[in-house]
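Read from first to last, the chains carry the letters A, B, C and D; within each, the first residue is number 1.
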Amino acid sequence: MIEALLAVTFVSSLVVFAAPDRVAGKLAALLSLAPLAGSLWLYTAFDGSGNALLPDGDLAFETMATWLSIGDLAVNWHVGLDGVSLPLVVLTTLLTTLAIVSAWTPIDERQSQFYGLVLFMEAALLGVFSALDFFLWFVFWEAVLVPMYFLIGVWGGPRRKYAAIKFFVYTNVASLLMFIGVIALVFALPVESFGLPEIAQSLRAGELGSLAGIQPGTLEVLAFFAIFVGFAVKVPVVPFHTWLPDAHVEAPTPASVLLAGVLLKMGTYALLRFNFTMMPGVAQDYVYLIAAVGVVSVIYGAMLALAQQDLKRIVAYSSVSSMGYVILGLVALTPFGLGGATFQMVSHGLISGLLFMTVGVIYNTTHTRMVGDMSGLADRMPFTVGVFVAGAFAYMGLPLMSGFAAEVFIFLGAFDAFAGAPWFTAAAMFGIVIVAGYLLFAMQRSLFGPFRLETDYEVGRAPLHDVVPLVVLVATIVLLGVFPELIFDMITDAVTALSGGVA
Amino acid sequence: MVSPDWLALAPHGILGLTAMVLLLYDMIDPDSRNRLALASIATVGSLAALAASAWLLAVGVGPSESVSLFDGQLVVDGVALFFSVVFTTVAALVTVASYDYLADHSYQAEYYSLVVLATTGMVVLASANSLATAFVSLELVSLPSYALVAFLKTNRGSVEAGTKYFLIGALSSAVFVYGISLVYAVAGSLHFETLAAFFAEQGIEQAGVFGLGIVMIVGGVAFKTASVPFHFWAPEAYEGAPAPISGFLSSASKAAGFVLAFRAFNVAFSLDIAAVSGAIDWALLFQILAVVTMIVGNFAAAVQERVKRMLAYSSVGHAGYVLIGLAAITSGGAGGNSIVMGAAMMHLLVYGVMNTGAFLFVGMAEYWGVGRRFEDYNGLSKQAPMACVAMAIFMFSLAGLPPFGGFFSKYVLFLGAIQAGFWWLAAIGAVTSALSLYYYSRVVKAIWIEDPSADFRLRGRPVGLYAAVMLAGVLTVALLPAFGVGIEAAYDAASVLFA
Amino acid sequence: MATIGEIAPAIALLPLASFAVALASVVFAPRLLQKGGAIPGILATAGSLVLSVWAFVHVGGGEPIEQELLAWAAAPDSFELTLGVLIDPLAALMLVIVSLVAFLVHVFSLGYMNAEGETGLHRYYAELGLFTFSMLFFVMADNILMAFMFFELVGLCSFLLIGFWFREEAPASAAKKAFLVTRFGDYFFLVGVVGIFAAFGTGRFVGSEGFPHLAEEAIAEGHEILGMSPETGVMVLGLLVLGGVIGKSAQFPLHTWLPDAMEGPTTVSALIHAATMVAAGVYLVARMFGFYALSPTLLAIIALVGGFTALFAATMGVVKDEIKQVLAYSTISQYGYMMLGLGAGGYVAGTFHLMNHAFFKALLFLGAGSVIIATHHTHDMWKMGGLKEKLPVTYYTFLAGSLALAGIVPFSGFWSKDEILYESIVHGLGTDGGLGVLLLLAFAFGLLAVFFTGFYTFRMVALTFHGEPRTEVAEDAHGVGWSVKLPLIVLGVLATVAGLVNMAPLDVEYLHSWLDTTEEAGLLTSAHHYEEVLHDVAHVEAATLTPIATAAVSLGLALAGALAAWRLYGSDPQPHTDRLGSIKELVGNNYYQDEYQVWLAEGVTLPLSRAADTFDQVVVDGVVDGVSSVSLFSGRRIRRIQSGIVSNYVALLTAGLVVLLVTFAFMGGWF
Amino acid sequence: MVPVQWYLLLSAAMFCIGVFGVLTRRNALVILMSVELMLNAANVNLVAFSFQHGNLTGQTFALFTMALAAAEVAIGIGIVLVLYRNFEDIDVGLPTTMRW
């Protein structure tokens, strides 16, 4: 099934590449409905249980075939979904479709390439979330970089080339570091393949040997941090976050949507799968360090957002902040912490996607994103601003929207997770005040008050196809906020086995 | 298994014969303008040799049994055939592309015959099982190469490149042969297996002489592979030479240097032999070379202004990656050794395809009269989208990004290094690889992201260049899913050396 | 036929439906709904009111309503988070109040908003519906997490409604401030909620499985709470939750948002101040009183904050010139009383005042709204005067509300305020240790505030309605319609008589026994249970003192204040406050509370964030860019080796070879 | 009988002279000659040790080396010729159009 999903998406991307620019957008939206419908079908037909990497895991839609072997180690085509990956798969397909629709207005050149790249990226992202073999996963993981590089570089803002190359090289360095860490582990383990379940189970069983004269204990810690830093760049976590604002500001809106909505989740997803599933012991030994990193990301990211004038930059930094919660939830290693972190991935994907899209819609008409350049937009674009307000409040963690559920889950999970955890949690929670601060200030200055616009464009209501994706996202956010069980059940089912760290 | 034995020399024979046919054609019709015929003969010859190599592999020469010929002077085994595939593939690509590139040049028959002769030399070198055959075949590779680099004899760059290449090459081959003479002085033999047996049984009395010889032989190899500090010819030669030749040299000729090193150092001077490792730990030597080469090549490539020169330096950098395949050899680590060497072989194969493709793209740009600098490539994708797709594939593949073959080969190489415990080699490789992403993406940026700086129209459709570039692009992509086939062949081949 | 027990959620869901209808009509059919969507809102709140009364009656039968609404989230071996409905006597009372006030505000809005040709009425009614929905569910919440959720939603709705006139600067700014300041309080609340879950594994308010009871047991048995002694644990958690209360109920020092919130439509002010948002804080304290009653420190802090706020806000009310501002500070002050009452252990007293205040404050705001419509949106009392004749219904009902606010017998405010003061002095005198002393201090604050309350209330009445019209608009004031008058009359009656349900000095204690109605059901929320807890755990004792004494003193002070105001402003008013000089400056500027909070936000936090931004750009990103610069720089150095001269290459090559040879010669020991 | 070490020293000396020539001369033809000297240094070794070890491998190989040296010179002269045509000199220091 997953193969079909990947194949359809990939072929769609080729079809769109070949399509004329005029119809590419519509065609891409139409074609992207197939993976969306497919992933929703996967959701309804999901029959897995447990964690994909652990012995209790009973995967849904699993397939496995030998691809090649490197020495004694097999590289397999091994895909499957569990409660953690399925929601992310659905998130990916949903956001891609919406991002494509939202691109109709702003993307006015080289459309077929744009939409082809988006669909190509979707295929790679689906692969990332479903692959269960390290090499296979890594192929998809790196493959995501290529379309994103072009999306930023070709269709981006004035400093797009700088931003694109920074994103490209920075995340690539991180991947390499992570690769070294994982491979060092693999060779110190008595495993027969690069299968993530096998690696995880062997590591958890304490079968790590030594490598190149490095003792198992040291090796595990070194590998843990190599991998952690590798993913931390992707997440991104302070102090590895500086590529993100540049990338976001320069990227065209639909790319920002996918960047914030899905690409960042790759990092946290991988952290969950690798660091916290495979080496919970190390995570527990360094819990203060990791929790501190999470807390600093939350507060520092929020403080940075407070200082920004560019709406996109604000949302970008707030993503850093939001991802800090995920780190905190993960390191808690409790059902609610891990579940909340995963839930936050989905939730933040939707909410940041929503905000970026809204900023994009505003930009489409005003041609500026600077807070000081406009005011009183609510007067001219009531629906868009309404959605913006909804999105902003979702970001602030308004109850009955998914952001609140995610944050509360994380806080509940983290509060009593380890000695001193209340302090860390309470410190991180202060983020909910700062986030309210910067979003409210930005909204007040740009959306409310008397209408004024520095750029002298005629501002009218946004076209319907700009607004529909926003409404769909708001609806989804509220749906998940009111009924988090829709996905939280399967998430907790998959992460509960991880709680408490080493068994 | 083949019978009679000499059938195992089919690739060598076919290539040699093709060269003769080309010369014959030229003799019969010296003023021939029929470049199609010449290019076809060369290409068909290369492809036939490729087919022969594949056929030999298919019938089981290599993994199961190696064929030893001429009293053991030549051996056709997995490694030889694997590299034959690399050489002939590159040669085929280059000859196809040369059809357009040489459209306005005379002495075409000589050109093609030199290419095919150099290829012959490489294939023989891959089978060479003695320092004597190795030296002779190495010269058979080098001498046509000098001529080919300087082929554009009215072009100052080409001549300058040829001069430098030749002078450094002559010096290096002198060093190489002197090294051979020193090894002969110690062991009294040039045959690899005999040497190994001698060292194992009699030990090494004059460790100094032997060590001196080894270092000098490494120097010869390093010249061929363009490893620092024997790389100085490479940037100029690759930049000044006709682009197809640059591709040919930086891919095939480099691989030829490596195959010699692989065989010589793992058979004759194996670290498993206590006497050898006692006299000189050549793995350390290669580690030093690998590190320096990776650093110099990639860092210098990062700041180039001209695309071809960037590719030249990057080619030096890639030599550094492949050197990991020798640097991470450990005594007694048979399984691990074949992993890392298999990875290096596989990288040479993938590199051969993608790097040749990249140089051929540059050749296409030269054909069109586009300038040499990055800026001159701006917006090329608007004019030639398909070729630019291929170029982007080459660049990303060279940088080690999926879904292209270069991704796997580079990462498996790093993996092999880690597996042998040389995580720091992999780390340096990783750092330089990230840097390489920077400079490779500059090309992509120029052709895909930048707007055309001037309104230029491309002249003509070079069918041969297009075909070769496209083929290389398809192969680069296909080598990802098909990586398994290649890497397993490479392991099996490599493990023969460690048997 | 469904019972109220089954359809209780509908009390809140009806306004949600009206929200949905109004929202849908905004999007799809702006002209479809008459009266800008008021009708669905009125119908829905009327329905809520009917159901609330039904629930009230049902609960009166001694059986509380409990129902699980939604299994929100759960994880194996961890918490179960649910949304559920709990209607006990307290909740039932509050439901009636909220739905009644909401209904009346909807009706009033017909006259206030619709008649004035406002735009965005659909939005207005949609937001009102959402507001009512949130508050009703907050009241019915059966656990603290659900309470927090709707507490926050109430905050959102207040943001939306305060900022209703978003095209102007001030409302947008006020809305932002309201949300931000209450958010600051809610931060502590949320930490408290999470802490309560972490400590007790549940957020239930009631029953033996509820966290107040678990905390009580922990204290009794000496179990640690979150690694602290049980007393400390309860105190810390209670204080954290109190943060939210202080924010929402506009207690010192988080009261600053409330006066600004007057930028919203007056109807909204009525709703916010009387029955919804501001009430939510105090209601929360009452809701989990079983928890607060466990810790004498908590009680003391609540009482002290309440007493201080009561006085503090009352003094500021004295110098305000705008009618809504006076009412705003009176709100802060009155909620201070409620806090004082609850902190002093007067659960019934606090609840009582909450109820009375809801009526008279809604009345006063709607009355003020009526004045404002009549005077064509004049807010400044100095531009009014002499409206008594023009607006008789408004005047008399407003007067009733004012008397209740000032605490003049027998209007409702008197009874409850007096009970609060009484509770604080008897418990202050009777209790040993710090709590007793602090309660007496709080009592002193409260008592002093009575005078100011009387003063500003009648200053307001006098300036608005008495004397001669001072401006043309006051001259031209026009009458108001039935939709304005009807709510005023209903509330006027209630403000007058509501106090009669619990005339403690006369031993009439219907409210007290109402709050004990469901004692048998084991919810542990009865007033009686709280008294036991106060006595057994917090060691609060009551001294013997006749209620008449405090009643007399407070009535005397209130009358004194009222008479003083009457003397000064009754006829031909002058701005007497100018004579106060620097004190007027201080009080008029609200004791510079806004200034320091704005300074904290804009003078400290913002520069800090800019510094962080600079740090990020220069140092953190500088390192990243630096790495690339250094790489490229080294690249430029390295390429220089390639000098272009082949002789140099040869030399370097030879040198390299020699270096390698020498190195290996040494290492291999060839010599 | 001359001890074999002397041949080794002789060849080393020849080799070093060759290297010295390559390093110091800028005339392409002189460099070519110096390289020939280095190649012949190897030949000295090969022949001497062939005698020492009592097999003919070295002597045979020396013949190969000579042949290859001749071929190399042939190519070399050709290149020097075009070098002269393009740069009007055979000073190897002159062509520096490509560097860095």
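Convention: a contact is a pair of C-beta atoms (placed from the backbone, for glycine too) under 8 Å apart; a residue touches a chain by one contact, two chains touch by 3 or more.
Note that this is a predicted model, so its numbers are computed, not measured.
**Q** Select, from B-D and C-D, the pair of chains that is joined by more C-beta pairs in contact.
**A** Most contacts of the two pairs: B-D.
**Q** When the C-alpha atoms of chain B and chain D are each averaged to a single point, how far apart are the two points in Å?
**A** Spacing between the chain centres: roughly 25 Å.
**Q** Distance from the CA centroid of chain C to that of chain D, rounded to the nearest Å?
**A** Whole-Å distance between the two chain centres: 96.
**Q** Just how far, in Å, is the C-alpha centre of chain C from the one of chain B?
**A** Spacing between the chain centres: roughly 76 Å.
**Q** Using mean CA coordinates as chain centres, what's the gap between chain A and chain D in Å?
**A** 64
**Q** If I count partner chains per residue in chain D, which residues reach a count of at least 2?
**A** In chain D, 22, 92, 95-99 touch at least two other chains.
**Q** Please output the residue numbers of chain C that touch at least 2 other chains, ranges allowed.
**A** Residues 628, 639, 642, 644, 646, 650 of chain C touch two or more partner chains.
**Q** Two-or-more-chain contact residues of chain B, please, as numbers and ranges.
**A** 163-164, 167, 171, 175, 235-236, 435, 438
**Q** Spell out all pairs of chains that touch, sorted by label.
**A** The complete list of chain pairs in contact reads A-B, A-C, B-C, B-D, C-D.
**Q** So in the complex, which bits of chain B are touching chain D?
**A** Residues 132, 135-136, 139, 143, 146-147, 150, 153-157, 159-164, 166-167, 170-171, 173-175, 177-178, 180-182, 184-185, 188-190, 209, 235-236, 239-240, 309 of chain B touch chain D in their complex.
**Q** Considering only the defined contacts, which chain B positions touch chain A in the complex?
**A** Listed in rising order, the residues are 335-336, 338-339, 343, 396, 399, 401-403, 407-408, 411-412, 414-415, 418-423, 426-427, 430-431, 433-435, 437-438, 441, 444-445, 448-449, 480, 483-485, 487-488, 491.
**Q** What residues on chain C touch chain B, complex-wise?
**A** 628, 631-632, 634-636, 638-639, 641-642, 644, 646, 649-650, 652-653, 655-657, 660-661, 664-665, 667-671
**Q** For the complex, which residues does chain D have touching chain B?
**A** So the residues of chain D in touch with chain B come to 4, 8, 11, 15, 18, 22, 28, 31-32, 35, 38-39, 41-46, 48-50, 52-55, 57-58, 60-61, 64-65, 68, 71-72, 75-76, 78-80, 82-83, 85-87, 92, 95-99.
**Q** Can you tell me which positions in chain A touch chain C when the two form their complex?
**A** Listed in rising order, the residues are 166, 169-170, 238-239, 241-243, 300, 303-308, 334-336, 339, 376, 378-379, 383, 389, 393, 396-400, 404-405, 408-409, 411-413, 415-416, 419, 422, 425-426, 429-430, 432-434, 436-437, 440-441, 443-444, 447-451, 482-485, 488, 492-493, 496, 499.
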